[in-house]
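I'd like to ask you about the structure that follows.
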Amino acid sequence: MGPDRVVGGRMKHIGLLRDQASLVVHGDDKRGIVAAVAAVLTRHRANIIALDQHSDDPEGGAFFQRTVVHVPDLPAVLPALEDDLAATVGAELGLQWRLRDLSVPLRVAILASKSDHCLLDLLWRQRRGELPISVSMVISNHTDVAEDVRFFDIPFFHVPSAAGKDKSEPENQIAKLLAGNVDLVVLARYMQILSGAFLKEIDVPVINIHHSFLPAFIGAGPYKRAKERGVKLIGSTAHYVTEDLDEGPIIEQDVVRVSHRESLEEMIRRGAIVEREVLARAVLWHSQDRVIRWENRTIVF
Amino acid sequence: MGPDRVVGGRMKHIGLLRDQASLVVHGDDKRGIVAAVAAVLTRHRANIIALDQHSDDPEGGAFFQRTVVHVPDLPAVLPALEDDLAATVGAELGLQWRLRDLSVPLRVAILASKSDHCLLDLLWRQRRGELPISVSMVISNHTDVAEDVRFFDIPFFHVPSAAGKDKSEPENQIAKLLAGNVDLVVLARYMQILSGAFLKEIDVPVINIHHSFLPAFIGAGPYKRAKERGVKLIGSTAHYVTEDLDEGPIIEQDVVRVSHRESLEEMIRRGAIVEREVLARAVLWHSQDRVIRWENRTIVF
Amino acid sequence: MGPDRVVGGRMKHIGLLRDQASLVVHGDDKRGIVAAVAAVLTRHRANIIALDQHSDDPEGGAFFQRTVVHVPDLPAVLPALEDDLAATVGAELGLQWRLRDLSVPLRVAILASKSDHCLLDLLWRQRRGELPISVSMVISNHTDVAEDVRFFDIPFFHVPSAAGKDKSEPENQIAKLLAGNVDLVVLARYMQILSGAFLKEIDVPVINIHHSFLPAFIGAGPYKRAKERGVKLIGSTAHYVTEDLDEGPIIEQDVVRVSHRESLEEMIRRGAIVEREVLARAVLWHSQDRVIRWENRTIVF
Amino acid sequence: MGPDRVVGGRMKHIGLLRDQASLVVHGDDKRGIVAAVAAVLTRHRANIIALDQHSDDPEGGAFFQRTVVHVPDLPAVLPALEDDLAATVGAELGLQWRLRDLSVPLRVAILASKSDHCLLDLLWRQRRGELPISVSMVISNHTDVAEDVRFFDIPFFHVPSAAGKDKSEPENQIAKLLAGNVDLVVLARYMQILSGAFLKEIDVPVINIHHSFLPAFIGAGPYKRAKERGVKLIGSTAHYVTEDLDEGPIIEQDVVRVSHRESLEEMIRRGAIVEREVLARAVLWHSQDRVIRWENRTIVF
């Protein structure tokens, strides 16, 4: 019953990591990539403290690597390190790469509708210092969650849905709010479909939580259909949003057991617990730059 | 590291329960059913040792109940108890009912193809006395598993698949082998689709294991499609077989986590562990008469 | 991506059930209890909509039963039903029984220290109408969570810990706050040990969440000790508080996977997710009167 | 319901990997290890297809790395590669290292008593080609499993337990059978405690399956004690055997849910499913050289 010493009321921030950076490299596999990348890092006095590497075919195919390095006085080292990576990993080896300073929070906008469970869970976790993100704003097509959001000292914007089929008006409003302000958009049970034009316009990744175990029950009303089909597990799926509804790359999924005993309302209540947990994991992993999109799938290191 | 005392090499039979019977009752809900059923049982000196009851609507709807009773010298009491149930629960209350002597094993035929994992797991569990079943025969359209089956002193019959589309010839052979000999047919990764005519002919329940988390990946090659879709969990589904392929009432489901690391072969290996476990649970529950079919769903008590 | 229709911003209250009551009966097993109880219920026009019954020995032992009934105009029926239960189930059969009107919320006090995760989760679930409870007050030996609590319009009381070993002063203060006001006390990571005298004085059940998979890591600092031992799963345990620290009857437990990768801080973060979920389940089940204490264990229906 | 194409009756061997080797490196962390190791591998035309690396402290501490490489014509390359690793990784960098040809099965002896579930599961997985092991022999202090073992064409040796406290006689017999013949010993519910002298004598790793979620219920009769304590989950633990009973480094653990409904026999039956699964995973990971022992813990890559 006693305390673990490091727990306080508000935990020390475990999301942001001082003097640490993540380096993601991917592209066509060839011999020597790991050695070349490691050589660059060593040249800049970066100590590798975690490394995950995956090749999808032993005899050549796609190559994926995420490395976490510790570099004393990282901000001073970054520019030269980036130049070196561009020259060797980029130009010479012909690979995609990205470097992220893990002491800098990702700027996130959350879009929500009336449901509060995914939204509040992200706000709590952010406040506790568990997520390396800073929530820049919450946008909703309803006002139900406004007061809760502002209690966290986060701006809330109400952008009502369009009455007709043309959603360009609210999408334009949202795009203006986001422009230049965020690195990631999270749909926390946002009940509007986003157009391809909007996704292109905002040009940052968008993560959605779908309230079923995709590809089961694609589309509307998944819990109701799950009850009708008599499944024994219900689930949630966090995925990147693409133009194809519910078809984007899956980041994380989980399930919970149900039986004949649960009413539809009780299934929704249980599902909500899984939704908030799955979405929080996906946002954590994305903000730690652990997720690589590849074709329509993800590598999560 | 020490022993639990009751474990022996071959466990004592925990599947068969001497002097115990299960009574399943279902139909339209009305006030007083539980009292009426309990009164009948008490009249015949049956002590209720477990009871599960469910109504799908507080104000009337469908009623489901499973009761386990302990009756000293059960075989002597059964005929009068059954007469009484027929008169009160059946005729008066207008309900479906069935009584099963839990000391009598269910006679089961297993149909398999080449894969051995679900088949052998059922045979082991039966031999260990974990399942209240007696496997009367194994039928396969291949001969790969013949030697394994006969090691368990169980008859093996080889019924090759039909070359063309007409499957009536092998189905007739199988139906003849089953006729009068079994209470349940289990498809342990049997790679043939059974016709509606055959299901009608054999007139016993048929349980299948599907190697996906239904309704995701209905049909052929689910693991391959799961890999292509990039799901993070794969699963299995045990269900009763109906004429509609992969659409019958679901008895049990479970999942296991996968990632980008797993090859298709490794996914199949992990999935096989879930398949055998889910199928074994479904067979156990069915043989304990815990499963009630209702519309296209199941109540599992 | 579409909506399930019944979800709104604030869900309809699914915790409170109009015209429904739960009846718990337990004591020495004998033939005819189910019939006798059902007869009483039927006499009072109560329709049984769920029933779970368990006997711990087929040939006599302890008997446990929980029944949920639907009774139109329940408040009017309650007094006569209670008289009848007292006469038949209590006096004649010599059994313990209790009847709870499921439309009336349980009055709960939450005791917390600095950690907010279990506390906020309970407050939020209560506000969503998921728990059939009404939180009467929050008491803490620190002030960290005061503002959060009051945002939910719930009274917050600060009762500082005693400086020395004698805790009678703060315990007396707490007991006065609780007296007559609550049906249940929940320790939501409350970092003080309660004396036997206090538990006797307040005379309502107390539920605690312990941050380990009991009986592993009894006492202080369980996550640190789990890391040192190198376990691969960490867990939480919700239990009734008794005078024997961490030894009371267990209501619920769950676990989450860890590996060498997790720092102590990350283990604590993961554990917190399990803590809040396990505690919420225990509070839900207790407030639905699903939990029967028996010796030092629980039957959870 | 259709087939995944790669499944046959006996799967193709997925445990042994032609032209692949694993390299494990660990010791004190310092900058440049990954680069140095990768440089050696690249010099010998080894393509890195998977790499996991972990440092237990960002600013220096212990370093752990497992790399899987693909090398065309591996056997011809091995000697020179090993010389190079000894010179650079061993002598220059002062690190522990080991290289394993993943096309060569590990030679395993299984020690069992009367229980068959863990034993048969390992034998069956080996036969299916799922484990990169070759079971050289099974030794038991009973004869119950002899016939089953020989059905798999594996030698069975009966070494009865000593009547008194002195176990040196049977331990000597077992040591003679093992000497030079095996790389790993697996205790598949072997109900004898092994002496420190024996462990030293045989000088190969020994993996045990303990039938509880360690450190809960250390010692004898864990299921009985779990039932008495009223836990809601039971588990199993696979660990390396040391002189301290049930205290060796944990490789893997898992749990399964139980309730008041399960008798002790049913708990044992459910536990057995977890035992065989946890032991199989531990043996798989050890035989793929994924497990690094460090102090009294493991890093599992």
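Going in written order, the chains are labelled A, B, C and D, and every chain counts its residues from 1.
Everything that follows uses one rule, which is that a residue touches a chain if its C-beta (ideal position, glycine included) is under 8 Å from a C-beta of that chain, and two chains touch if they have at least 3 such contacts.
Just so it is clear, the structure is predicted and the values come from calculations on it, not from any experiment.
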{"item": "Label of the chain whose CA centroid is most distant from the centroid of chain D", "value": "C"}
{"item": "Cα superposition angle of chain B on its copy chain D, in degrees to the nearest 5", "value": "180"}
{"item": "Distance from the mean Cα position of chain D to that of chain A, given in whole angstrom", "value": "36"}
{"item": "Inter-centroid spacing, chain D versus chain C (mean Cα positions, whole Å)", "value": "42"}
{"item": "Multi-partner residues of chain A (each touching 2 or more other chains)", "value": "50, 54, 261"}
{"item": "Complex interface listing, chain D residues touching chain A", "value": "17, 19-20, 29-35, 38-39, 41-42, 45-55, 58-60, 65, 70"}
{"item": "Parts of chain B lying in touch with chain A, wherever the complex brings them together", "value": "54, 56, 64, 213-217, 228-233, 235, 249-255, 259-261, 296-300"}
{"item": "Complex interface listing, chain D residues touching chain B", "value": "1-12, 14, 50, 113-117, 120, 124, 128, 130, 142, 144-145, 151, 191, 193, 208, 210-211, 219-224, 245-246, 261, 263-266, 268-269, 273, 277"}
